[in-house]
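The next block holds one structure in the form of structure tokens; read it before the comments.
All chains are identified by letter, namely A, B, C, D and E, in their written order; residue positions are counted from 1 within each chain.
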């Protein structure tokens, strides 16, 4: 721990807790939510957390911003490299979010819902239809490839039932 | 058994043409035959051309002279990724190569003749068939000549894929049976690869010599793993008991002469590999020392009992078959058991019996299958319930089948008797009475099923639709008759065949059998076939003399010019029962046939199916990011803690 | 441009920059001279391929480092060009050209070509870059470009698959960023060469392995590592087949090569290799088992590529030159075969049931499928066997219980693989029972050309296995050599100042 | 069950990250590369703002990569959104902004432009630079679109103009880099001397680079937001909620 | 530029900001109404921007403020508008409207 005394230690601890807190909350949000839009929001939070951690890795206690001219030249300055990395990371995050929102828009237009479970079923049905085959577990493609008994159309069943009575009575 | 280390001079990868040994010429001839089949397969005269190709190969094999001379190493040698890859022939390889090329020769001869017209009419091109046959012969020649474990595995894979090609040529049911075969064969090959790699782990190289030297130092536990993997892997091809379900449908559904070739030699490649690894390198003595704790069974007894079961179960399954090809294919599995049993006994007579049975059974199976396909050629079916009384129409095929089943059942005048007798003799001499009883039960089953075979096809009442059936064309009869004479001669004068076997025993370092022209002269038991057959034919001669000399009063009448139970016979009534031939016997022992092995295969397939169902579930999970998070947490925990 | 003819080491940046320039100019040029814009993409790729081949010929044997912007290595970003990097960098423009989508979907061609160029530029960057964060940026560019390309078919399923893949990849990138932050906190540098120098003391402790685990997950998403590859079947089934070919064949390999460079330079010797071995073996088994149930060709190829990449991870995790050689052999083998299989899939897309008797109408393609199936499962004379043999021998030499378990899994997985591949082959050659199976679409000449070229390449490799394996061993030795990497980036004169 | 599993795993991850954080060095990072840059940056690049010096100088290709990521995202959004728009043309876009929004937009537009360009041009002196300035420019144009969406909701912004600015700015960035390569140096090496520290015309090509970045980012994001604004509101099948008037 | 008046004041200020940020992050996940969720994510971004200032990283703070609160706020809001989720009062409780709140 640097010579700055105990309280600077608590500053860094607070910051680390903030960074990891954001990261974890973002992760929880992404995994547990059932609505795609909320997952994108959680992604925003997770990225903010990661960026905070990255800047923290360059922070030096008692050092100032790496801008010359605003303070005396020989004052210790914070490490500029992580800040550059974060600049890039933020812009990447925005790019990915914009793309995510636009794809969500198209999904909503086609399926009308953004619920993860419903979309998962839609995905499977669409892939099977696109490949030109019956989806797994349906009548045409039983899961275990065990052929199902042919369906008895309702009309015939009634007719056979009717003939049984007549047959039985005659 | 010391296969000398491969002398590996720092040769460039491909040798100069000047230093070609006859062995290289043999490989080159086999490759040339394959090329010939590829290019000229569709041409009508392709059949005889292929026969000539196999003839050249046979001549070159004799040229190598490795039967009696010292082993020959091929100049074709590679150094890939630091592993030496070489081929060498010794008496053992010569023996198996001779049978392979012989089987190829006869099959090509049979396929080149009339059968080609039938095959073409069924919508298949003969070119692919000849290519598959030539590929099989080439890969088998490479396998039997393998000089180290790497070339053994490469040859093994080539053989299994070439036989897949031959099986799948006809398509339809054959293709499905071939697919089932490929699954078994490739699982076996992976087991073999696992074993070879473990050997590499122990000895540090793929050469036989290093392994032979390292065998005494290998612990029993490691050797048990090797035995399990290698016998499992090679046993798939040989059709040992739990892994035999694929062989009957696969060999039976293969078109005509292909089935004869596969039945004759293809399964024996598994035997060759087991001989090379366990008899030559590990040694039967070492197998005897590997005791299973708390039981008196050693590794050898275990393998013997697997071989015995392989004799019994398939033979009694053959009883129930109603298709002649399936009946003979099931027998193929059964007879494999005899060969392994003989070799595992390890005494002079035992191993000689095992090896001789490879030769005898090869010619017997080929002759029988060709006879059955001749019947199919004429009548269009091999279903025993739809045939009968063809003796009058196809007498020569009848004679060929008769000679074949006598040899298959192991009765005196024919070759099968000599090798089975040797195996029985060695079992008694080696104090293994229960195994002897098991093999006799097997022979009983064989006799019953072969009788069903000849009775349902040739004896009994001729069917209306078979009235105009003529004898098989000469081009089919010639190879069949050739094989029959070989069976008869090998039965009467087993001397030459025994001489080959003696050379092989010497190459393997086993006790050599003392043989004479007529049979065996040894303290454990001797037999002189010439004298035995002489007595037999003397008896026949006396019987014929009495019959023709004094009797001869029989009058040939038409089969319906007869009466039974006071009624005249009419053509539409069946007086000759062939369906469910052994109902009584099956009633007695039917309980044993719950399809235990089919159930075993079913469990394996359903476990794989259930596993894949769960893994697909993983890939279709609703929330993929959960897996990412889980992976992160688990990996960090594993790292930090 | 006098530099065009006399190639200099400085030009090795061009294959990354030129496609970017072309992508930026695509829109303005499109509005000015549309046909010229459509030709701009392939022309740039051809130029960068030409440059790379000239570089290979001129400086191929000895590796060299290139300081971008003229700043000395630890401060600025360096490009490290050795044979492995050149090999993959050249593969990028060549394969992108071969799988250049020729407008079969009605997407806006200008935007699609721009995104393809970005993908190619970023992939080349991934192969050449020698800086940790620079690799992260190029990886992210590859990811965003692939998101764009996967939606080209504009079907509902494509969008769902893309958004699931996007969220998974974004979360992976966040974790990778955390990993980079921890690495920077510990070593204070991002240049791989300096990391390699500092690694023995800074990164060996468990705290060193944590960033590797995070980076492995971050880059594992694209490299189809086991737990994070759930996106693969959906995306390859819904994306245009040529894009799937590019993603499966090439881009996943580059992600693997990046992970391997990290492993070799900064994190070797730690428990990292066991981590990769376990995940690789699991990936192989689940990939093969899932492929066993697949009922349409694209998803089967997707699962098979997951399996093969699991095998690649097992190969690279063996460590040392043996592991590098095994991994490289598997990677190149899979690259050729998967691209060719997907090229065939452009014609045979859809349910496997429709392929019954396809060999009758497309005998050569069916023959190629047989050849590729045989080589995938490792049938001897074909190169697939030698690659698998190297892997299996490496596993036995490792002979830890984990390695032997992985060996058993690899062998069992291969048996399952043989079954489902040859179930397809038998279906291809089966006689179609009902004539109702729809006629297959006419093959595109270039795709058929790609597949047959791959087949010829495979056969050539089979015949010339000895020289090819010698060359590959050279590449592997050079790639696995840490000291050479450090010396090339920090010529001995600068070592003192660099490692202050 | 899924939520339980995710809670367990996330708690585990949080705990492990904290364990790692505990072992990490607090507050005194090993300033290897950072320290060297702090010393050499004023001399080598001559920019007052060392972060911009690193951003456009030392790690220039990172910025180029990031630029192309934003370009890729914008183009991919274009690919995704532009395709479907033609078929369902009923652009029930939002109503024109109220009086306050329109006058506010007119007042803000010039101010935003000035602030944007100021930040871009002084990137190498004061905090800020290409990206921040570019976003402000984009906001300036988008405020107009919000105020007067017009019939198709694009508020009259011409996509061709945006495409040209975007393309040429990006090409400019790379041209400067290639120029230094062609000039015998390395790609993106700083040129045109250092100038006087703190002056507007100092740090060689950095201001030009940040101008290129600013213009490109501005054009791109303006185009992105306009494309989003042009999308028809609500899902295809009419939704009860679609017609109510948002604020 | 905040003068270094007193170290613990800075720590106290940091504590407040981090608490604010974490609370609004949790709110993003819990709030039913999507608009308020987007607003909460804006608050998170601005909070993090202030933290960046505390960490002497003015460039990053400006970028985060402009891009986080400005651009992503606008993009997400536009997305909501077009998704038809722009719904001020939370009366309608259909799951579609509630945005599938995590039912932990």
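Details
Note that in this section contacts are C-beta pairs under 8 Å (C-beta built on N, C-alpha and C of every residue); 3 or more make two chains touch, one makes a residue touch a chain.
Since the structure is predicted, the reported quantities are computational estimates derived from the model, not experimental observations.
By the document's definition of touch, common neighbours of subunit C and subunit D comprise A, B. Put simply, the chain farthest from subunit A by mean CA position is B.
When chain centres are taken as C-alpha averages, the shortest distance to the whole-protein C-alpha average belongs to C. With respect to subunit C, maximal separation of chain centres occurs for B (centres as means of Cα atoms). Contact tally for B-D versus A-E: the pair with more C-beta pairs in contact is A-E. Our note on geometry: subunit C versus subunit E, Cα centroid distance of 38 Å, whole angstroms.
If each chain is reduced to the centroid of its CA atoms, subunit B and subunit E end up 77 Å from each other.
With centres set at the average Cα position, the gap from subunit D to subunit E is 19 Å. Subunit C has its Cα centroid 46 Å from the Cα centroid of subunit B. Among the residues of subunit C, those in touch with two or more other chains are 133, 137, 140, 144, 147-148, 151, 154, 159, 167, 171, 178, 182, 184-185, 190, 207, 210. For subunit A, the set of residues that touch two or more other chains comprises 4, 8, 23, 26-28, 30-32, 39-40, 51, 56-59, 65-67, 81-83, 87-88, 91-92, 94-96, 98-99, 101-106, 108, 110, 116, 120. Looking at subunit E, one finds that residues 57-59, 63, 67, 71, 75, 78-79, 82-84, 102-104 touch two or more other chains.
According to the touch criterion at the top of this document, the contacting chain pairs are A-B, A-C, A-D, A-E, B-C, B-D, C-D, D-E.
By the touch criterion stated above, subunit C contacts subunit B in their complex at residues 164, 167-168, 171-172, 175, 206-207, 209-210, 212-214, 216-217, 220-221, 226-228, 230-233, 271, 275, 279, 285-286, 289-290, 292-293, 303, 374, 377, 379-381, 385-386, 389-390, 392-393, 395-397, 399, 407-408, 411-412, 414-416, 418-419, 422-423, 426, 429-431, 465-466, 469, 473.
Listing the residues of subunit E that touch subunit A in their complex gives 1, 7-8, 10-11, 14-15, 17-18, 21-22, 25-26, 28-29, 34, 37-38, 41, 44-45, 48, 51-52, 54-60, 63-64, 67-68, 71-72, 75-76, 78-80, 82-85, 95-96, 99-104. Every residue of subunit D that touches subunit E in the complex is listed here, in rising order: 3, 7, 49, 51-52, 94, 119, 127-129, 131-132, 135-136, 138-139, 142, 221, 224-225, 228-229, 231-235, 239, 241-242, 246. Of all the residues in subunit D, the ones that touch subunit A in their complex are 2-3, 6-7, 9-10, 13-14, 17-18, 21, 26-29, 31, 33-35, 37-38, 41-42, 48-51, 53-55, 59, 62-63, 65-66, 69-70, 72-74, 76-77, 80-81, 84, 88, 125-127, 131, 197-198, 217, 224, 227-228, 231, 235-237. Note for the complex: subunit E touches subunit D at residues 57-59, 61-63, 66-67, 70-71, 74-75, 78-79, 81-84, 86-87, 92, 97, 102-104.
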